[in-house]
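Below, subunit A partners subunit B and then partners subunit C, in two separate complexes.
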Partner chain A sequence: MTKIGRRQIYFFLACIAPVGKLVFLPAQLADVAKNDLLFPAAMQYLIQTAAVFCVLLLAKRGMNFFELLANTFGKIAARVLITVYAAFLFFAALLPLLEQKLFVQSVFYDTLPSLVAFAPFFLFTAYLCSKPLASYGRTWDILGPLAIVGFAGILAFSFGSADFAALLPVGAVGFGGIWKSAVSAFSWFFDAALLLPLLGKFDYEKGMAWKGALFYLAGGAAVLLFLAVFYGIFQETAVNQLFAFSTTSKYFSGITMLGRIDYIFIFTLGLVMAFYVTLPLQGGIECLLLAYGRKKYLPTALGVAVSAAFLTTVLLLDYRFGDVLKAITGAAAWIFPVFASALPALMLLLRRERRETA
Partner chain B sequence: MKLRKFIQTIPMKIYVLLLAIVLFAFFSNDFGLVDIQKTAIILAAGIDKTENGFSLTAQIAVPKGSDRTTGGTSSVEIEAEGETVSDCISLIFSKTGWVPKLVFCDLIVLGEDAVKEDVIAYLNYFLRNEYMPDSCLLAVCEGKANELIASKSAIDDASSLAIEKLFSDAAVKSGKVVTNTLKDFAIGYYGVSGSGYLPFIRMTDQQGEQSDSSSGGGSGGSGGGDGGEMQKIYSAEETAIFQNGKMVGLLPREQTLAFSLLQGNVFTGTFNAEEDGKPVTLTVVRNKGGVSLNVKEAPMAELSLEVTVRLCCRGITAPIEDIASDRISGEIAASAKAALDGYVEGLWRTCKESGCDLFNLNRMLYRSSLKKYSVWKDSLLRSAKAKIETNVKSMK
Partner chain C sequence: MKNITGSLKESTDALKKLLPAEDILTFSFSSAEGLAFTVVFADAITNKEVLGDQVIRPLMHYEGKPAAEEIGKCIVSPELRTEKELEKLSREVLAGNPVLLWEGMDEAVIVGTKLVFVRAISEPSTDVAVKGPREGFIEDVKINTSLVRRRLKTGELRIEMIEVGRRSKTVVALCYLDGTSVKRNVEEIKRKLNKIDIDIVPDSSYLTHFLASRPYSLVKQVGTTEKPDIFCAKIAEGRVGLIVDGSPIALTAPYLLIEDFQSSEDYFVPPYRATFTRLLRLFALLVAIYLPAFYVAAQLFKLQLFPIKLLLTISGSIRDIPFSPSLEMLLVLLVLEVLNEASIRMPKYVGMALSVVGALVLGETAVSAGFVSTPAIIIIAFSGIGLYAVPNLIEQTSVLRLVMLLVAGSVGTYGIILVTAFVILYLVTTENMGVPLIAPFSPMVGRDLRDSLVKYNLGSLQKRPGTLKSPNKRRLR
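Take a look at the complex of A and B:
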């Protein structure tokens, strides 16, 4: 079996995971936290870094996600648990997919395209989902540097337009506002959950847990820097800027002469994002394969079935995005810390020694 | 064996190829194609208040066909009335069959009646519309925006293009004009200061000129292509100032210059001073400006500007040695300083009397101290005193 390299894991944590936080999240944070939007983001990053640290520590045991559960609870209970986890990953995939759809429709088209314009994207997800999960590594090797170039380009074009004094005064909304904003942002922070299905597909090396956590924090620092630039540019109107990373660079003075050359970087990050939003689907399918066995055509069949189901869901929810966002960031927000933060931490309590029957 | 393996992988190769083609199409933005026959490319919009709501005049670019003799941009103006701006846009669609496209709209002009009430009601549609560039320029005009947009410019085929020339970078650097965009106006409005400014456009007849009936606008709508219509020229040297979305005052050209100088924007702009009672024109070659708020005791707005100038011209005859020098005398420097002091004082007085927090003093206080802001927020502008410091230097 092809293993994922440690460098590739670090690429994911530092470069690819942050891309998912650059579309709706900045406006969502600014909605409640306003100029204090860095604090809820930092809180979320600290929680998720701890979760990433826990998952990487689990890798030390040399077992995959299913084996870890079966080793303690037995195979039947492990199947139930891992199926529930797959359901969570499919649920977590909904918001990024809708984000990606609206982002493409709004940014890459200058009038609203037809409903089915996004449909081909699910051919792409079906293809990725049918590939073995270890192929992630090669993809991340390519996407990591692309994400760095795209992000650096957008930041370079945006920096001069930002008024960082707009981030003052610190603590204007109080702890209550910051906490409320942090809670509404839970839906964007489940990267540790994406690592769980990868357990057993990469080898642990000494210090990998804290190195991975540091790489994840480095990605978080880049996101915080972007949030500062974003709020510095849009200030009180930040809440109205739904497609954050596609909007900040257009005020660069050279663009009036050269045209929207920043689109090169926006397209680059758009491409990285296309892979990132497919990860929860791939993770969910991998969980099912771990639980029920990797039969010959099952990965392809699951990939096609899940993609078709999501295509239908996205089409059905096309005019109900507001309701979906409200539910996921409101009543259903607790699901994310439970599955993506608490569960990886609790898994450290699972039996360490391998049982003969597991 | 190799052939068999190759044949086995053909379906996947075709799939990947198809996938690449589909993804390319997906990210293509329809390859940027715009069907000009079905699309109304709106260059500018003028909005007026009506009894029932809003009147929107859209200046729409139309293709000129193969006639290369005239050049430039041809346009047609369509007017529509509705209860909301969106109603007006829909009506333009139903009147013309063209799908209105705002992505190239670079100018929104508000009529004089519209700015007597909160203008965000007029801009709401544009702030919501994700296909509308928020870097679009905003302006107020004397009279009706409809008349301005539909007027025949003496200097360009489309009035909006002639007006946009007034707002060029060079014009802004001259200090004679200030510009503002939809985004920045909205930031000012929704910020703690609740203030803003927009250039104020006046339109005058171009004396001795008649419109050429073959040039410019097309037919239909309110603008029309009346060949006998007088050609117009435009100016935007005055600045409308806003508080809570309503226009509360008008800065004359001297105060507009002072505002530009305080922002540190001016380069190669000119203003007049005196020597021996005769006028001289000075060119600003370097400008630093700033406004700060001192709240150690009673609030004090500190307005400071520094200009380095050179002599541009005198209104009198002068010997060649004088023409060869661009340094200014002490008397001219004192006169220039007095002139600038007067402009800045006038600007401060206008802001204070109108209640417009043009210098964002409330915002400065909010950012520096929440505690002091809660004490002073309702009375800051009324109670603040101004300390004006101007410094005029001669170019060495």
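Take a look at the complex of A and C:
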């Protein structure tokens, strides 16, 4: 279990990555872009698709993330750079983690549970981070079909309740509104950054970059479809629906008779999301391991330490989610395009030939 | 190693010294020309009638030279061997094969007249097939290997006998198809078997612990079957099989989790029916594991999971129950587990009484007394039945059900999701002999999916499972 299959990468791009965009993001987009929410999302998807394309092109060189950097800048500089990148990934993990916490508290319980209810999640992250990164590929084989089932189920239950006319007129908020909305959504689009630590763990095949980009776009198309349904159902009140994918299906007529059977699909996506949320953490740990060596108990120790640190952070930020969201989607939003979009593109300029010392 | 000497008395005494037990008997007699013989044999496990007719009687009339070859010709037995080492001779005696010694000869003849008490070949109770072969393995390794040999009439079938157990010297038959099984797997199993240093091996289950790459794993890592047809089918796919003397349960490796969702009957019914049954088994298993947990979690943390009418019914039923939903469910589950355990061990004639006690006294009375609610009993009963849809996984799934229940009672639905995530991660990272446990789902092997939860027509299964990496890929030409 040392390699990730190419199919597993495609599964991630098409099925797992979209799940992270189905919780807070729809409401965030609807806040500024309103009925034009599809445009900022599409813009983000196009930018991120280009970044994914670049990362998959980098895979062609057969080097891992650290080797790519060390090949051009030398080992010491590469260590510094990769440590900074790990810090970015840990930072990027914050929003999905807080999002997940609020989602769990709201969707899985009738009354607000204590924080303890969410704490076991960090046992899971610690366990997950102690596993080799390549094991992620195996989980994607299981989670990919589950995500499809969950997403299809929710869409099937929601579709009939949506009024797509609510998406008209197109361009009501103007380009300025769309751009502003797109900027606020940067924090949700860093999937290319999640692929960088995986470099060297999968083999490149001819046309993989194109295929990967297409799979990512297919996932994006599914998200856009969901956004359309979401806005079609909630319209002006969409901005208040913070846990989007758990809300759209509740108006399905069969629920009166059968109960909330849509929860089967919501829980399925919740399960997929639990894995997705830990990806930046594991990516960050992998970056550190690439830079400083993979000693025997280091992955486990780092997994436990990072999980404990994030548990503490989540506890401390329990009542400050609004501020965190404002900061991450406002002042700190530029960090995401720099690390997740520009950097993968710039990395294409790195030395191609392998140096002896690298 | 001590060898026997030319002196009959010395050799007999040395052998008796090694085997001082009272059931080790000696019988001395002379030939027509006065050559002295002694037979050493174990009472009760040696066929004395055959020994008398085929060995002793011909030798009493023997008039030739005292050479092993000449004497061998006189004995009417197809299974004859010569041996010098006392240690090995004593082992043969203990196995039921008498040892023949005579004056002036420094080697003895071992005669294969073992008396074997075996039960008749019958249908195994754990793997009943409505359609398909009814034969099951029994406790004798030779008969079991003959059942395999009868189905695989090819020279490629290799059966290697390996002794395991310091005291029991249990014979383990290692079966594989040369050129179809992965050599590395055969060698690894041999290495693991030879490395086992255990006192006795009473059953094949003892070996599973030593063959597993994760001995403390929640999930099993070696396949089991009681049916020779399944055993042969698995060997033909490229697996390695082990038949242990004294055990009717044969082992196969590498093991895939999906094997336990398949039944021999699936190959005797139309593919659509087999697919439906396999999916039904999975559904039953999921219901068995998750239903009690979700019931408790829904009551405690997420009432929305119930349809409104069901919620009213349930609230009416649990109104007077003195326990919390999780404790109530745990009690009912415990009762079910105890009843289950008792019914397996209990003599059959008491079984009926137990059913009455279980169903009427405990069930009916507990509900009317207000200890437990009717929905709780229905859910546990449904879960209990679901568990038996995949009988080979009962040990694992019943533990998982209990864990789910405990987590659901304390953390709620999110706890169930997290445990599921743990289980998924655990399963995808478990391998044995380099074969992932939950292949062909993870890693996904497209071709192997044709005989997984979905069953294709036999004509579509042209190649052996790619997961097993058999060097002989094609099975249908």
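The working rule: the second predicted complex is superposed on the first by the 357 of 358 C-alpha atoms of A that agree within 3 Å, B and C clash if a C-alpha of one lies under 4 Å from a C-alpha of the other, contacts with A are read in each partner's own complex, and residues count from 1 in each chain.
The criterion applied here is as follows: a contact is a pair of C-beta atoms (placed from the backbone, for glycine too) under 8 Å apart; a residue touches a chain by one contact, two chains touch by 3 or more.
Just so you know, these numbers come straight off a predicted model, no measurement behind them.
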| item | value |
| --- | --- |
| Which of subunit B and subunit C A:172 touches, first, second, both or neither | first |
| Which of subunit B and subunit C A:251 touches, first, second, both or neither | first |
| Touched partner set for A:104, first subunit B, second subunit C, both or neither | both |
| Subunit B versus subunit C as contact partner of A:71, first or second or both or neither | neither |
| Which of subunit B and subunit C A:124 touches, first, second, both or neither | both |
| Partner chain(s) touched by A:282 [first = subunit B, second = subunit C, both, neither] | neither |
| Partner chain in contact with A:259 - subunit B first, subunit C second, else both or neither | second |
| First, second, both or neither for A:236, with subunit B first and subunit C second | first |
| Residues on subunit A lying within both footprints (that of subunit B and that of subunit C) | 104, 108-110, 113, 117-118, 120-121, 123-124, 127, 267, 270-271 |
| Of subunit A, residues touching subunit C in the complex | 1, 5, 7-8, 104, 108-110, 113, 117-118, 120-121, 123-124, 127-128, 131, 135, 137-139, 141-143, 256-260, 263, 267, 270-271, 274-275 |
| Contacting residues of subunit C [partner subunit A, same complex] | 301-308, 310, 411-415, 417-418, 420-422, 424-425, 428-429, 431, 436, 438, 441-444 |
| Residue numbers on subunit A that touch subunit B, as the complex places them | 104, 106, 108-111, 113, 117-118, 120-121, 123-124, 127, 165-166, 168-169, 172, 234-237, 240, 242-243, 250-251, 267, 270-271 |
| Complex contacts: residues of subunit B adjacent to subunit A | 15-16, 18-19, 22-23, 25-30, 99, 101, 103, 127-128, 130-131, 133, 135, 183, 186-187, 190-191, 366-370 |
